[in-house]
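Order as written gives the chain letters A, B, C and D; numbering starts at 1 within each chain.
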Amino acid sequence: MTAPLSDAEQVMLRDAVRTYLAKDDAPRWFDFIDRLGIGRALLDAQQGAIIAEEIGRARVHLPLAEVATAAWLLDRCNAPVPPATAIATLAWAEPGLRYDFAGIETRARRNGDGWRLEGTKAVVDWATEADALLVAARTGGDGLSLFRIDSARTDGLRLSPYRTIDGHPAADLIFEDHALPDDALIGPECGALDLLEEARDRALALLAAEAVGLLDSLLEQTIAYTGQRRQFGQPIAGFQALQHRMVDMYLECELARSSAWLAVEALDERPAARARAVSSAMVNIARACRLVGQEAIQLHGGMGMTDELPIGHYVKRAMAIEVSWADSDWHLARIAGL
Amino acid sequence: MTAPLSDAEQVMLRDAVRTYLAKDDAPRWFDFIDRLGIGRALLDAQQGAIIAEEIGRARVHLPLAEVATAAWLLDRCNAPVPPATAIATLAWAEPGLRYDFAGIETRARRNGDGWRLEGTKAVVDWATEADALLVAARTGGDGLSLFRIDSARTDGLRLSPYRTIDGHPAADLIFEDHALPDDALIGPECGALDLLEEARDRALALLAAEAVGLLDSLLEQTIAYTGQRRQFGQPIAGFQALQHRMVDMYLECELARSSAWLAVEALDERPAARARAVSSAMVNIARACRLVGQEAIQLHGGMGMTDELPIGHYVKRAMAIEVSWADSDWHLARIAGL
Amino acid sequence: MLKLTPEEVAFQEEVRAFFARDYPAHVIAKNKAGQRLTKQDHIDAQRALNARGWLGVGWPRDVGGTGWTPIERYIFDEELEFAHAAGIIPMAVIYIGPIIAAFGSEQQKTEWLPAILESRSFWAQGYSEPEAGSDLASLRFSAVRDGDDYILNGTKIWTSGAHWADWIFCLARTSREERKQQGISLICAPLGLPGIRVHPIRLIDGSDELARIEFDNVRVPITNRIGDEGQAWHYANVLLKTERLSYAHIGSKKRDLAALLDQAAKLPARGSGTMDRDPAFRFAHARIEARLAAIEASILRALRGEISMATAAALKIACTECAQAITGLAIDLAGRSRLPMLDRSVADWADAAPAVAPFGPVALQSYLFERAQTIYGGSTEVQKNIIWRALAGMAR
Amino acid sequence: MLKLTPEEVAFQEEVRAFFARDYPAHVIAKNKAGQRLTKQDHIDAQRALNARGWLGVGWPRDVGGTGWTPIERYIFDEELEFAHAAGIIPMAVIYIGPIIAAFGSEQQKTEWLPAILESRSFWAQGYSEPEAGSDLASLRFSAVRDGDDYILNGTKIWTSGAHWADWIFCLARTSREERKQQGISLICAPLGLPGIRVHPIRLIDGSDELARIEFDNVRVPITNRIGDEGQAWHYANVLLKTERLSYAHIGSKKRDLAALLDQAAKLPARGSGTMDRDPAFRFAHARIEARLAAIEASILRALRGEISMATAAALKIACTECAQAITGLAIDLAGRSRLPMLDRSVADWADAAPAVAPFGPVALQSYLFERAQTIYGGSTEVQKNIIWRALAGMAR
């Protein structure tokens, strides 16, 4: 872990990322990390959050949460961490579970010197672009373990690529007797559950920060649009009913911002406090994504429905974040201890 | 059952009740029923709903739902029905249950020629004014039965009177070895559950109609108040943000009206369809009571907080209706079959 | 009053039997599978309806319409939607057909109406313009007389179905002298004319069935005008009056809500169960069911009586927000399976994401598409202004 | 940034210990039992705080104040609320005390401030008027110079605690020449003066602690004016700046939310369990908890930085709506036990309804009383206008 950034350093980091993304609206991950020299920032949640917020504000396709989460897992497992410029992503979701890792059915069986992997992973973000996949699977004692798969290993892996609603590359993965070497296992055998839980919370903190950037931009775009769009002889931002609704959007944006801070600062707490803070944050983030997204489209009128304006793309990325690791009801249940 | 009223007869009944209540804002039940000659209307849900709506609109204290429900129960049980001018009320709720009759713990034991009643009934509306009480109690085979108690029988009955939030008289009742004659049992021994369920739905249909009158009046009062209250140099009804909120109140009022119809027309359906329709109606009614009540106070500003204006009294009656027999969550669970 | 008469129940059974027996099964199958319909599918569907005399749902009997009562129409719509049949594309049949029947010339009635019923011509609607969305009075699209012709210039937007349409009917300004709402005429043009360019608009749900249409000195004979010059505003309001409940779609809402329960029974929940026993989902579902029951009752009340502008506006808001709420619940139910954005124009579209419940991508695209419901046909904000004027008027 | 420093944690423990050991237990007991406090209770509470030097929470040290940082003040408020201690009646201590300290004459500081700290005088606030609610600029209450006196005329309304107060501070118009906000002065009067009549206002929750106060030619010396003539608007804004987060009450919100879970464990649910396992209740509860966590983080962010008008307005809306949501959840939880309307001024108040959980009537009255939160101190609507102006300004 690095020392926390000073206020001035935070501003510098933010400005550097913002400037970079203002110049390149379709950045490649390698260039983004390499040219900004922010590889080390990925393991620091506070710095990651600053970068994530700018990624959200610019709504560019970059696998920040995926790579940072994978890097954190590898680091925690004392496994070799690939360079930050490489893309790694975690495959955990499956058709047979909603959000709980406990429902994972993909299975790894010892086979001679190695492992055989069998199972299906659903909507794995950036899988098609990844240099390395981390796969959560059930092993011998019915516990969960983590495996690392290099992208070169394609035998026994059926990969169905598509784009998700936010335009990110993703894939469903079907492992059919997929062979892995012995050292593909990273971290403790059957001991991955707590690691996965913590990884999820860290990923969520980054996604919360990204959502803050998205939501701020949605509000700004809406204020700007309603200020120039004229109907009934005046800019529609002149209508008080619309003004108050944009204020409601602002209120959600502000609480979303506080929520992201809450999540980031709670990552070093004990698991129960961390879970509570992150889930509280995500309940607010999800609500903000829904409300701000819906209002942004509505207040843009027909133009909000088109793919031409950025607005819809921001909304769809926000919709993906809402449900990326769990939904609001899952977080509420976690807060309530149900 | 009487034949359904024609449209013209419905209007006549409504106008007669409205005119009566316009002249007397603190009517007595006896006079109300007697002078209007509407005793027979109590057994007809459609007519009852018309009367209930006007009671709501005028927000007067009259035990319509209580008396009509008791009369219906007595009629169904082939027990002598007291004159409609008398007040009768059903005591069902208890501290140990939320809303389900299945939780009733008050017990009636056979004792020689009669019965002994033991248990506690909570917030029995109009109990202090009632000529007769109907009490739901558990009997021998652990089923529910209904007992009729004349108000003269006070031995072994501790009655704690108070007013409820809507200003109605009510009481908690504690029966301690309360003696009842043999014929106090009405209807089938251990066979009261279905009767109670149907009675509840009939009472709810009347309360839904009363709520429609309350809500309409709340909206009217709010439109009138905002039309004359000036702030920032104009009537506050000139502010579009407030206009749209009054429109939202109107939307709830309209759905509440349709909901009341839905409930009334469903009373003769089979139990499952009846339950579904009445619970759907009450979910909407409860939502409308909450939203319209809150907005009415808010849009009245400080004046909405005072006991001087009618507004608060309407809101409190609406709040009582919201929870009188069950709350929104109970109705949702009934709709969902959970 | 909310219940059907015995005659209406008999009609309902007749309609139900028709969709079960005499309606193209492949259309229903595609709809059930979430596959987008082709133009030919719609033609097949319309021809089946027309064969039964049930296509001209809002038309008078003398021009081949059904002549149904509002309740019969409602029953038909509901059964069509329950059956997963194709929605009737409204532009020709619902929107312009009744206006042609009421105000068109004999020639227009003889040429255009049969072509619509026989699916020989599809129509598009040219109402909105880039600068005139909910504020239709500020239209700029112009029609200038030149001998026996009009010269049309301007841009129409949000035109749905233009890629299938042969004709377009346009609101066009024929005079600038009068009050803003006046001086607007209803003029029709074949879409193949020189000077007309159709630009598809890609929407956030991935569809491209809307278009922006540019008219550059397009010449049409004045006989293409429906009714009198300058009276389009009046005709549009007549249409509004007869068709103001055609967006209600109570049947499809009930069908979609019921389908969510079926889907829920197949989706894993927390722990070991399925989502149909998940309390949060079931409560949210029941809340919308309750709302829909009240909306349905409101529609039936309205159909059996007179409908005021305020009531129509209120029902538009209630129906469209309810439809959006259902799609919102659907994406909530879908969870992560709503993430893939898939092209649903082919039969095996769902194979592209084999680990995902196909329900998810359909729900997602519906959610996005339905955001338009509260925007078009008079946005919710405009409806609220209409209602407020009525409320303030009553208070005076 | 959201976390307390070690010094702040030590202070927190000190405050917590104080309320546990050195604070009047009967006040805490009454609050826990839902009994209304008397004036003497408040005096006992204030004296305990003052004995510790902790009453002048927003005052500078040189006039007997605590001199706390905003975070220390926040910690103190939170612990006070966690402990079920009496809220400090804000009129004297929170509202006028800091203004006297900053802008008052030496005589005012010497006479009025110690009397407040020693609980010898209670104050009331005379800001609102019947025709000037959220629109303070349109005040009519007048102060006319007459030699060395002012003659006060007009009506103040929504004055809380007037039945206990010895003094009132009033916004009064001393000039009609200038812009509406100008020409307003801050003038104090003993409530016992001839010409002052206090009319209690009964509220919907059954309380009558607010009043309407009429001034009929009330004479006070000009030395009762705080600061300069015509500058009250400025002083009020200074106050607003320092006190704009004093309504946050995060501690009481957390306490009340936690208490709901305790209550839920005692209330029967559907079937056989208790309400603390009821999913609908728990989800609603968790939703508010999540919201409150974000609001708390927002407050801490604000306390550690500069607070803009827009942020203050946003936090006022968030805090008050959250407080209302908690009371809304409380009455939902209470179910039918919220129905009795009981007088809570006596110790055995709950015996009046022996079959009802006492929690219910308290929840109901809180729900009703808290409706005022979004009305006073600048209604939510006015706050939204303030925020909009800031947003529109940033966009320019």
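One rule holds in what follows: a residue touches a chain if its C-beta (ideal position, glycine included) is under 8 Å from a C-beta of that chain, and two chains touch if they have at least 3 such contacts.
Remember, predicted model here, so these are calculated numbers, not experimental data.
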Comparison of A-D and B-D (more C-beta pairs in contact): B-D
Give the label of the chain whose average Cα location is farthest from that of subunit B. A
Could you put a whole-Å number on the gap between the CA centroids of subunit A and subunit C? 37
Measure off the straight-line distance from the CA centroid of subunit C to the CA centroid of subunit D, and report it in whole Å. 53
Centroid of subunit A to centroid of subunit D, CA atoms only: how many Å? 42
Touching two or more other chains - residue numbers and ranges from subunit A: 239-241, 243-244, 329, 332-333
What are the residues of subunit C that contact at least two other chains? 279-280, 283, 381, 384
Which of the residues in subunit D come into contact with subunit B in the complex? 128, 131-135, 138, 157-158, 201-204, 267-271, 275, 278, 280-281, 328, 331-332, 335-342, 351-357, 364, 368, 371-372, 374-376, 379-381, 384
What residues on subunit D touch subunit A, complex-wise? 1-3, 277, 279, 282-283, 285-287, 289-291, 293-295, 297-298, 301, 310-311, 314, 317-318, 381, 384-385, 387-388, 391-392, 395
Under the definition above, what is the set of subunit C residues touching subunit D in their complex? 279-280, 283
Subunit D contact footprint on subunit B (complex, rising order): 93-100, 103, 120-123, 160, 162-165, 167, 170, 172-174, 230-233, 239, 241-242, 290, 294, 297-298, 301-302, 304-308, 312-313, 315-316, 319-320, 323-324, 327, 329-330, 332-333
In the complex of these two chains, what residues of subunit B are touching subunit C? 219-220, 223-224, 227, 237, 240, 243-244, 246-247, 250-251, 254-259, 261-262, 265, 276-277, 279-281, 283-284, 329, 331-333, 335-336, 338
